[in-house]
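We just call them A, B, C and D in the order they show up, numbering each chain from 1.
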Amino acid sequence: MTLTQGRAPRPAEKVRGTHHQASLIVQGADATGIVAALTSVLSGHGANIVSLDQYSDNAQGGAFFQRTLFTMDALQAALPALRADLDDRLVKQYGLTYRLRDLSVPKRVAIFASKSDHCLLDLLWRHRQGQLPINIAMVISNHPDVAEEVRSFGIPFFHVPSMGPDKSAAEVEHLRLLKDNVDFVVLARYMQILSGEFIERAGVPIINIHHSFLPAFIGAGPYAKAKERGVKLVGATAHYVTEDLDEGPIIEQDVVRVSHADTAADLARRGADVERAVLSRAVLWHAEERVVRNGNHTIVFA
Amino acid sequence: MTLTQGRAPRPAEKVRGTHHQASLIVQGADATGIVAALTSVLSGHGANIVSLDQYSDNAQGGAFFQRTLFTMDALQAALPALRADLDDRLVKQYGLTYRLRDLSVPKRVAIFASKSDHCLLDLLWRHRQGQLPINIAMVISNHPDVAEEVRSFGIPFFHVPSMGPDKSAAEVEHLRLLKDNVDFVVLARYMQILSGEFIERAGVPIINIHHSFLPAFIGAGPYAKAKERGVKLVGATAHYVTEDLDEGPIIEQDVVRVSHADTAADLARRGADVERAVLSRAVLWHAEERVVRNGNHTIVFA
Amino acid sequence: MTLTQGRAPRPAEKVRGTHHQASLIVQGADATGIVAALTSVLSGHGANIVSLDQYSDNAQGGAFFQRTLFTMDALQAALPALRADLDDRLVKQYGLTYRLRDLSVPKRVAIFASKSDHCLLDLLWRHRQGQLPINIAMVISNHPDVAEEVRSFGIPFFHVPSMGPDKSAAEVEHLRLLKDNVDFVVLARYMQILSGEFIERAGVPIINIHHSFLPAFIGAGPYAKAKERGVKLVGATAHYVTEDLDEGPIIEQDVVRVSHADTAADLARRGADVERAVLSRAVLWHAEERVVRNGNHTIVFA
Amino acid sequence: MTLTQGRAPRPAEKVRGTHHQASLIVQGADATGIVAALTSVLSGHGANIVSLDQYSDNAQGGAFFQRTLFTMDALQAALPALRADLDDRLVKQYGLTYRLRDLSVPKRVAIFASKSDHCLLDLLWRHRQGQLPINIAMVISNHPDVAEEVRSFGIPFFHVPSMGPDKSAAEVEHLRLLKDNVDFVVLARYMQILSGEFIERAGVPIINIHHSFLPAFIGAGPYAKAKERGVKLVGATAHYVTEDLDEGPIIEQDVVRVSHADTAADLARRGADVERAVLSRAVLWHAEERVVRNGNHTIVFA
């Protein structure tokens, strides 16, 4: 448990069950025989299926979603041939799309934060514990406050100020830092709104934590609104970011009980515990390829 | 456990701790010495305080709320003198309001229901078990479906049809049935909107169960809306009814986890379990004088 | 919602997703190619896989468990040929065992109860709602108290007294009633211990609800023991019955928060809500073939 | 949010509602008039009661417990006179005991840890956030691993090795460090058993976090035992340490759902989140004088 970068554990080697494993996500229109086709391709390549989760939203011809986790000797070498077969059988024959990933290669992530550090610290700590199969490539913040803490975990920190209504200069800098360096972005209580152009140009999934049980209390100041309404639970929502503020596909939500005696500050404090738990679950599931987007919904094979 | 009315348990005799007990709710502007004044009045009458809960929304001069539960010999005989002293010390001296009630006299309630029986049945069953210190004076429904079930519990059932947009005839009948007969009303998934005039003329608190985690999914069809939005939890909210639909003071809320695999019907089924739990808690707390209204908020001493 | 037997809903027609569906449970030693073999057999018979859950307790050669839900035209007629193929491919080739069931045929159950009716009533009510794909063949009790209630749901009730230490006469009568009539037994707070001989001769799974979070508070009086120990949560456990009291494979557990102010009777009252919830989930999952026993453990595909 | 000791926030100034507040805990045999006596003493000294929680374990003559939170001008100066009056009215007249504390003076604590840092880090972080009204005087560990992390929060760290069966040398060193320096001790996953002599000589309350839902899985290796038994929830228990291992008064417990697919290591990982949450609540409540010991039970006014 030293904080020196050189001795930090390499997370992908500690995370449960990802050694030499690959995940295959398949989605598309349901049809008889898909699973048989898919599994015969995998077994034809000597893959051993570790887990297989499937969901059809309608037994009579709806949409089909499947996550298969498998192990295979010499996985990297075998991937091109496997892809060719999957293209033949799943894409051409059944019109499906698929996503195949070697889970021994951790996803690279940039975390955006502002002044609050509870979500950020929880991700940094879980990563150091080997609980999250990710490589935290960088932390970006519009405030310098958390720099020292981030760097004590051996993670690069970049301060990109973002003042005034025009965020375009900051976003240019963000895109320059992210370009080709990350597979997804996490907004860990980043208190700035991203432009639609940024979201599009970033070109990777962006996960946000909103400090309410959406769709209740959309927008700014949800804890103050919750106090005003007199709710008996407060919550948090992790979702993919879209152009519509707080309207993207929900990955995970949770709540905690509060009482009349809790001030808005108490709600924020209790909610912070929920925020960090919800965000860390969402990041874990995204990193483990457990989340499939379907329009504005998610299928979560957790 | 027979269903004959004559042999039904008398709830007030079975419910925990309400024998010969009284509750005193006090609220108003906070001031130094209130609790001392209040407790000295009670001890002067030989009352033994069983529990005392207090809440001030601001240590420096905010609003003050207190619930005291006490036992006293010859309670009924002593109430007039006790009231006189409380008027002197709390009302005149401190400008507070209070509510004093002999808890051995169960509150009388009318339950309104429609076709769904899960909330209704849970209240009837808990009442029969002696869990709710209430007298269920009647069940009123706009459908005849639950008549036989209600009467099997020894409770009167009245069918008051309510068709078409004009509810005034039905509401006249409701008011006639309720008049002087009940201390509060429970809407146990009653699928009709009450007019502001009815609420005012009924003159008693009305508790509703809404099948969502308010303020999310206000209005009709919350489970369909929840499915549409892709939430990961569904909930229920018990609140006092005001003229503004689903906007009244919240008494209790809870949620249950759902997944992408749940259809809107599954959400309704899972939510039903939460609805009945939340409503029964709200009814218990209201009946035990644990709920104090403060504007559009509630203080719940539970 | 009438209580006349003749008009009772036929549950199997209302329960979500069981029309013309079949479940296939497969378990045994893991090997490469099992899933491919299994799914190719199913697709060879024109089955459409609705969901598929799999679990291997060790990626390198452990035990394998799979639950497949599928639809198939003319299911009943096709079952013999399907069984023959499964025998060839799964049993002979891979040494696995399997359990194939037409889910449109509800499992037949006998519920044993004593004086407490909360678990019993919840099962009867959920069954009437169409939430449980079971046929409740009979309710058996050592007390006559719940007879009228059970019969109001259109379910046969048999009173089998069980006094004194020798239960053998009662067990003979139980076995006579159960013989060839039921697929499993549910002990809904049945306060008698079953003999090992009875369990063996009954020859069907028996599900019990224990009123504690096992393995805490094994045996009689768990709420009194919980009060004595001063726990802050009380729970309930549904498990398969084995000869060792309260030691059988756990199907489901849950808890509820309690406080110092709760008496042992309050714990029992709060726990009762958990008991009925836990037992109804266990019965649902067992009826839907979601539970696989593995030694003293269960795999629950819920 | 810098990590420099000199600039660390002083927690007691940030924690909700403790400015110039005092708490008064009273316990003993219940009698009519206690609350009136107590509140008249307080109001006689110009105290304003902010909250008042009371519990009697029996309305007819049981044990009485009360926590009163009040504000008072010139609190420190007034304490001696207030104590004198409380001695007169509560101790002499009613035979009660009381504990009066100025909440603006944070309790001093020593945290004992071993190699796991999840509970420790959560306490350090919450303390830095101002969520815990404590002064962390020191962290003591039998391993040097967490030294750098602890010191980055500006907290002294002492490494006291404890090898072999004889802990007496280590305990002598512990007692030397603790003497007159701390008001309580927290064992944040400290993996050494304390001797009865140490507990007695330390002379301050010791709070431990046990990684199971006690009384299930007492002793070492609870997650392995939980996996072996096949439970569906794992939990954690914060309790005061007594000579009897894992048998002391329980302050707080909580659980999290697990499944058959979780390995013992997964249980440990999921349980760690519960451990840190439960321990931080117990520490907060102890620090805020919300916990009263009553034999082997606790009254928690939370």
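To be clear about the criterion, contacts are C-beta pairs under 8 Å (C-beta built on N, C-alpha and C of every residue); 3 or more make two chains touch, one makes a residue touch a chain.
If you're wondering where the values come from, they're calculated on a predicted model, not measured in any experiment.
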Copies subunit B and subunit D touch via same or different residues, half shared test: same
Chain of greatest Cα-centre distance to subunit A: B
Centroid spacing, where centroids are CA-atom means, of subunit A and subunit C in whole angstrom: 37
For subunit C paired with subunit D, centre-to-centre distance based on mean C-alpha positions, whole Å: 42
Two or more partner chains touched - positions in subunit B: 51, 55, 261
Touching residues on subunit B, where the partner in the complex is subunit D: 17, 21, 30, 32-36, 39-40, 42-44, 46-56, 59-60, 66, 71
Interface residues, subunit C side, partner subunit B - complex: 1-3, 16, 51, 115, 117-118, 121, 125, 129, 131, 145-146, 148-149, 152, 261, 263, 265-266, 269, 273, 277
Interfacial residue positions of subunit A with respect to subunit B in the complex: 55, 213-217, 229-233, 235, 249-255, 259-261, 294, 296-300
